[in-house]
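Below are structures written as structure tokens.
Shared chain: subunit A. Partners: subunit B in the first complex, subunit C in the second.
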Partner chain A sequence: MSEITPEIVAEHGINEEEYALVLEIMGREPNLLELGIFSVMWSEHCSYKSSKKWLKTLPTEGPQVIMGPGENAGVIDIGDGNAAIFKMESHNHPSFIEPYQGAATGVGGILRDVFTMGARPIANVNALRFGEPDHPKTRHLVSGVVAGVGGYGNCVGVPTVAGEVEFDPSYNGNILVNAMTVGLAKADRIFTAQASGVGNPVVYVGSKTGRDGIHGATMASAEFDDASDEKRPTVQVGDPFTEKLLIEACLELMQTDAIVAIQDMGAAGLTSSSFEMASSGDMGVELNLDQVPQREEGMTPYEMMLSESQERMLIILKPGKEDLARSIMEKWDLDFAVIGTLTDSKRMVLKFHGDTVGDLPIKPLAHHSPEYDRPWVSTPDSKDVLASDINEATDTTDALKTLISSANMSSRRWVWEQYDHMVMGDTIQRPGGDAGVVRVHGTNRALAVTSDCTPRYCKANPVRGGAQAVAETYRNITAVGATPLAITDNMNFGNPERPEIMGQFVGCIEGMRDACLALDYPVVSGNVSLYNETNGKGILPTPVIGGVGLLKDSTKTATVAFESEGESLVLIGSSIGHVGMSIYLDVIEGRREGNAPIVDLAAERKNGDFVRSQIEGGFVKSCHDLSDGGLAAAVADMAIASNMGAEVIKPAEVETPTTAWLFGEDQGRYLISIGDAESLLEAAEEAGVSAVVVGRTGGNDLTLPGGSTISVAELRTCNEAWMPNYMAG
Partner chain B sequence: MKARIHVTLKNGVLDPQGKAIEHTLGSLGFDGVNEARQGKFIELDIAETDEAKARETVTAMCEKLLANTVIENYSIDLEQ
Partner chain C sequence: MKAAVIVFPGSNCDRDIQVALRQSMGSEPQMVWHKDADFDDVDLICLPGGFSYGDYLRCGAMSAKSPVMKEVVARANKGVPVLGICNGFQILTECGLVPGALMRNSNLKFVCRDLHLKVERNDTVFTKQYQAGQNIRIPVAHHDGNYFVDSEGLKALEDNGQVAFRYSAKDGSVSEASNPNGSLNNIAGVYNTKGNVLGMMPHPERLCEDVLGGTDGRPMFDSLVAALS
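Up next is the complex of A and B:
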């Protein structure tokens, strides 16, 4: 009687075709343990089976790239012999089920991806997306996720310096929690997961293994239905204090010459870490599961191999280094166990109580995972909304007030004040500006980090939306004066088995590719989260981009605050008043219509290079990129940040209707406040960049063309009230 | 009526606080503690006098607020 019934195979998320491949690879029927291993290794989460074909088309190389995708995180050169190591990863499904622990372990997981490569984590970023504010679950989820991100990040002592929070009904049943970590390492001391050396010991360090989140990796690739509330598997619980010990212990061990390869145990725990290490070194592994440190009694091999207990690492040591490693781990109060050895069999052999309980070939499992070329259809073009199609606002200032008090435009101060953004003492720019800026400790250099995506653009036009997400990070990094170096991507989409969803994915990748190429801004790491659907309704396509840039001189930077009274406001980049899919159209007219704005990548680059050169030259100290809400929203941000008023004046030659000119979301634009506007305009003309004076700073009030006057104090109140009021409700 | 509610982590859920207690007891010289699990105790004074109705109400309170039923169990003791 076979142990493996078709029901068991189906429960493991393996379809008939895939099971046929399992039988072919094994040459026999797998046992339950082996089937479990196939199931997690071939889950969408670990195998990228629907996305691989398209991810391969993204540019991943450049002189700044030390290691691109394929390792735990991407590595870029930031000069002075230093490297920045970073990646973004989703923890969407666990956060929906248990928001605090889901978000906390998301942060913990991405931290491990970065320090496993030898980097000390120096900054965290979080891109969060929730359902509509009125949905009964939303408040609870926001409160839990924000507390979880803060709880873990604050305890482990890494500042959270940037991020996003957005609300949309499409996330009602599938929230997005995308966590990014940036770490700092010596460029010649990068650790990888490539195993080598027959007979070398395989070592387990960190926390003990319990029955946490078994099949979490499979769960992350399955759609929710209403019954999933009931069949909740054990949730992983994070322990940031152990993570802190693990960081220090690993970094200390890395100072010695003991490590051959190191890999964190993330999704699919011991299985994916051991397979990935063995497969990248083309080695075999024999594990003795009796040696695995266990938190609970009576754990089976199946549970040990599939557990997602947190704060664990797998290390291949050089021979004879066991005692050294053990003494370091014990000093930091962490478990240490030699659980196996490397072999040349190219097979994974699992022993338990003296028996061989699993025996699988490594390469076919890790590399011959199914790869799908899923059918897809392009998203049809949307009819655009023209500047002349919208009603002129009766009072543009009132419209601005409504806009900046709305759920998606209001200040996120309530959120980021719960995050420790100053710990480590190197934060130069806090959240609330264009990008977080952290000093490279002990040097005059700094890294600028940001995350961006405009899902409503991606829905209307995936190609433009994909390009826009990349371009917006480029702009945010440029606006603080830094040079954008590389990105990580977190692709959150619905069910890829539906051609229109797959089409969104393909379109976004195309747009991202164009932008990366045009901006010399490669992808060095990333993560894909598919099946973000509930009852057949997918989320908005959400390719979140995390960007990292370098400030060579951290004193030559700009902030969003005006410097002083009587300065000119200069708008860089050209404006046609694109209102399709704008926040204005959505909030003020209640229409989510039209096409996403065009992203002119040549202009994006030219404008960016110009703005950066002006900041690097020390001429510009106050700069803000234009995005949601256009010029009017940018002026409001700057006025609030500096507690100083401004008057916006529409130049006589501008023919765009005033409302579209103020609130349109044309891309590639920046607003600069500067004393000597003449020199800036001359330099812009020389560089072939569009620049025009659109007002001046001063006073306590903001005045818009076609609008009344509002005090900056009132603007701030409107902007900052929504989030705390909502959470108190 | 008094309702006494114990909220504890479900079996198998990692308990960092319990781990810290266990570790600290050991370092204070209290040997022989194999494991420590901690939880919380809540006492409510409620107006309801009918035991069945009281249990129903307190159960609803546990499900909605007092316990995180994804990772926690609860037990209710009632006393007139």
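Up next is the complex of A and C:
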């Protein structure tokens, strides 16, 4: 009688076609353990089967790239023999089911992806998206996720320096928790997962294995329905204290020459780590599961191979280095066990109580996972809303007040004050500005990090939205004076089996590709999260981009705060007053209509290079990129940050209606304040960059054209009140 | 001056104190692993911030039982200056070197931001380079910084001048509005009766360089170097 019924196959998320491939690869019927291994290895989460075809089209190379996608994280050269290692990863489904642990283990997982390559984590970033504020679950989810991100990051002692929080009804049943870590390593001491050396010991370190998180990767690859709360037992539980010990222990072990290869046990735990290591080295491996440190009694091979218990690493050691490695792990009170050896069989052989309980070929399983060319349809063009199609605001200042007091424009201070953003003593720019800036310890260099995406643009026009997300990170990094080097992407979409969703994915990738090429800003790592749907309703397409840039001289940076009274405000970049899909249209007129703004990538680059050169030259007193809410929102941010007023004056030659000029979301723009505007305007003209004086700093009030005057103190109150008031509600 | 920084499993501000000490001392402090009770004679012992033993059981409770702490207590009782910051303060209360306890913040949330502190005294080895009554800006980053001591203990602290710092407003005033965590009498740091042990929740080591946003923490380390060299 067959052990494997069609029902069991279906429960493992394997369809009929895929099962036929399983039978072909195995040459026989798999047992339950083997089927479980296929299931997690071929889950969307681990195999990228729907997205691979399109991800391959993204540019991944450049002189700054040391290692691109395919490793645990991307590696870029930041000079002086140092490398930055970074990646962003989603933990969406677990965070919806159990927000604290889901978010916490999301942070833990991405930290491991980075330190497994030999890097000390130096900055965390997180991009969070929740349902509408009035949804009954939202407050609980915000509270739990923020506490979870903080609870983990604060304890391990890595500063959380940047991020985003957005609310939208499309995330009501499917929140997004995207966590990014940036680490610092020596460029010539990068560790990979490539196993080699027949007979080398396979070593397990870290926490013990329990029954938590079994089939987490499979859960992350399915849609939600009303019964999803029943999946709570599949959410892992994090222990940041053990993670901190694991970081220190691994980095200490990496100082020796004991390691051949190292891989964290992330999604699909022991299965994916052992398969990936053996596969990338074209080796075989034999594991004795009796040796796996276990937290619970009576665990089966199936449970051990599929557990997603946290804070575990798999290491291939050089022969004879077991005692050295064991002594370091024991110093840090971590479990250490030799659980297997490398072989030349190119097969995974699993032993338990003396029997062979699983025997699978490695390459076909790891590399020949199904790859789909899913049908897709382009997102139809949206009819745009023109500057002349909106009502002029009766008082632009009132409109600004409403905007900056709204759910999506209000200050996130309530969030980032729950994150330790200063630990490690190198945070030069804290959250609240355009990008977080952390010094490269012991040097005068610094890294700028940010994450961005504007999902409503991506919905209206995936190609423009994809390009805009990349461009906005480029701009945020530029606005602090840094040179953008590379990105990581976290592609959050609905069900790829629906052609319109797949079309959103394809469109966003196209836009991202264009932007990466135009800006010499390659993708070095990433993660795909599909099936973000509940009861058949997909989220807004959300390709979150994490950008990293370099400041060669950390003293030559700009912040969003004006320095002194009487500085000229200069608007860099052209404004046509694009109001389609703008925050203004949404919040003030209650219309989410129109097209996404055009992203002129040549202008984006030219303007960025110009602004950066002005900051490097020491001319710029403050700088802010223009995004949601346009010029008016940017000047309000700057006034609040500096506790100083400003007057915005619309130049006589500008024909755009005032409301669209103030609140339009044209791309490629910056607002800077500067002492000597004349020289700047001349330099801009020479560089072919649009620059125009739009006001000056000073006083305690903000004045807008077409608007009344408001004190900076009141602006701050409006901006900072929403989040704490909402959370207290 | 010779200084030691005790490193517990889960400490995460050990390097930050090391950097601040190095800057003021011009030489390297000794980093002492918690299992090493037999460390050199030093003029100053620092207990860093972090989450030693993951804050399991109670913040600082397990570290207080660590082999090295017996030695730290013995040396403190002989008069060696001991500075405990954040988790270090929690450890000091758990091992009884300073009175009181640190409870969960009154709003139950972790808080990380710059705050103002009123320097109560400037006649200790820790504060000579501040002015008495000076208002300084120093960050906090904690979940359990709500200082509590029973009413007799509080009276004794106040009567003996054992309060080191109080949470204040930018203008120097001390009130409930400037209290970030519910601490009794806005207490941010306390001395032992002899004044050679200081426990404080705020992190002076985080603001010792202009590029990090301020230098109000630096006089503490300069005071120690001047007093103990």
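We take it that the second predicted complex is superposed on the first by the 726 of 729 C-alpha atoms of A that agree within 3 Å, B and C clash if a C-alpha of one lies under 4 Å from a C-alpha of the other, contacts with A are read in each partner's own complex, and residues count from 1 in each chain.
In this text, a residue touches a chain if its C-beta (ideal position, glycine included) is under 8 Å from a C-beta of that chain, and two chains touch if they have at least 3 such contacts.
Treat the numbers as computed from the prediction; the structure is a model and nothing was measured.
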| item | value |
| --- | --- |
| Contacts of A:Asp333 with subunit B and subunit C, given as first, second, both or neither | both |
| Partner chain in contact with A:Asn154 - subunit B first, subunit C second, else both or neither | second |
| Which of subunit B and subunit C A:Glu296 touches, first, second, both or neither | first |
| Which of subunit B and subunit C A:His421 touches, first, second, both or neither | second |
| Per-residue touch tally on subunit A - higher for subunit B or for subunit C | C |
| Contacts of A:Thr402 with subunit B and subunit C, given as first, second, both or neither | neither |
| Which superposed partner A:Ser711 touches (first subunit B, second subunit C, both, neither) | neither |
| Subunit B versus subunit C as contact partner of A:Asp239, first or second or both or neither | both |
| Partner chain in contact with A:Gln310 - subunit B first, subunit C second, else both or neither | first |
| Touching both subunit C and subunit B, counted on subunit A across the two superposed complexes | 239, 241-242, 333 |
| In the complex with subunit A, residue positions of subunit C that touch it | 9-10, 12-13, 15-16, 19-20, 49-51, 53-56, 109-113, 139, 141, 143, 203, 205-206, 211-213 |
| Parts of subunit B lying in touch with subunit A, wherever the complex brings them together | 10-16, 19-20, 23, 68, 70-71 |
| Subunit C-touching residues of subunit A, taken from the complex the two chains share | 147, 150-151, 154-157, 239-242, 244-245, 332-333, 416-428, 430, 439, 554-555 |
| Of all residues in subunit A, those that touch subunit B in their complex | 97-98, 101, 207, 210-212, 232, 234-237, 239, 241-242, 295-296, 309-310, 333 |
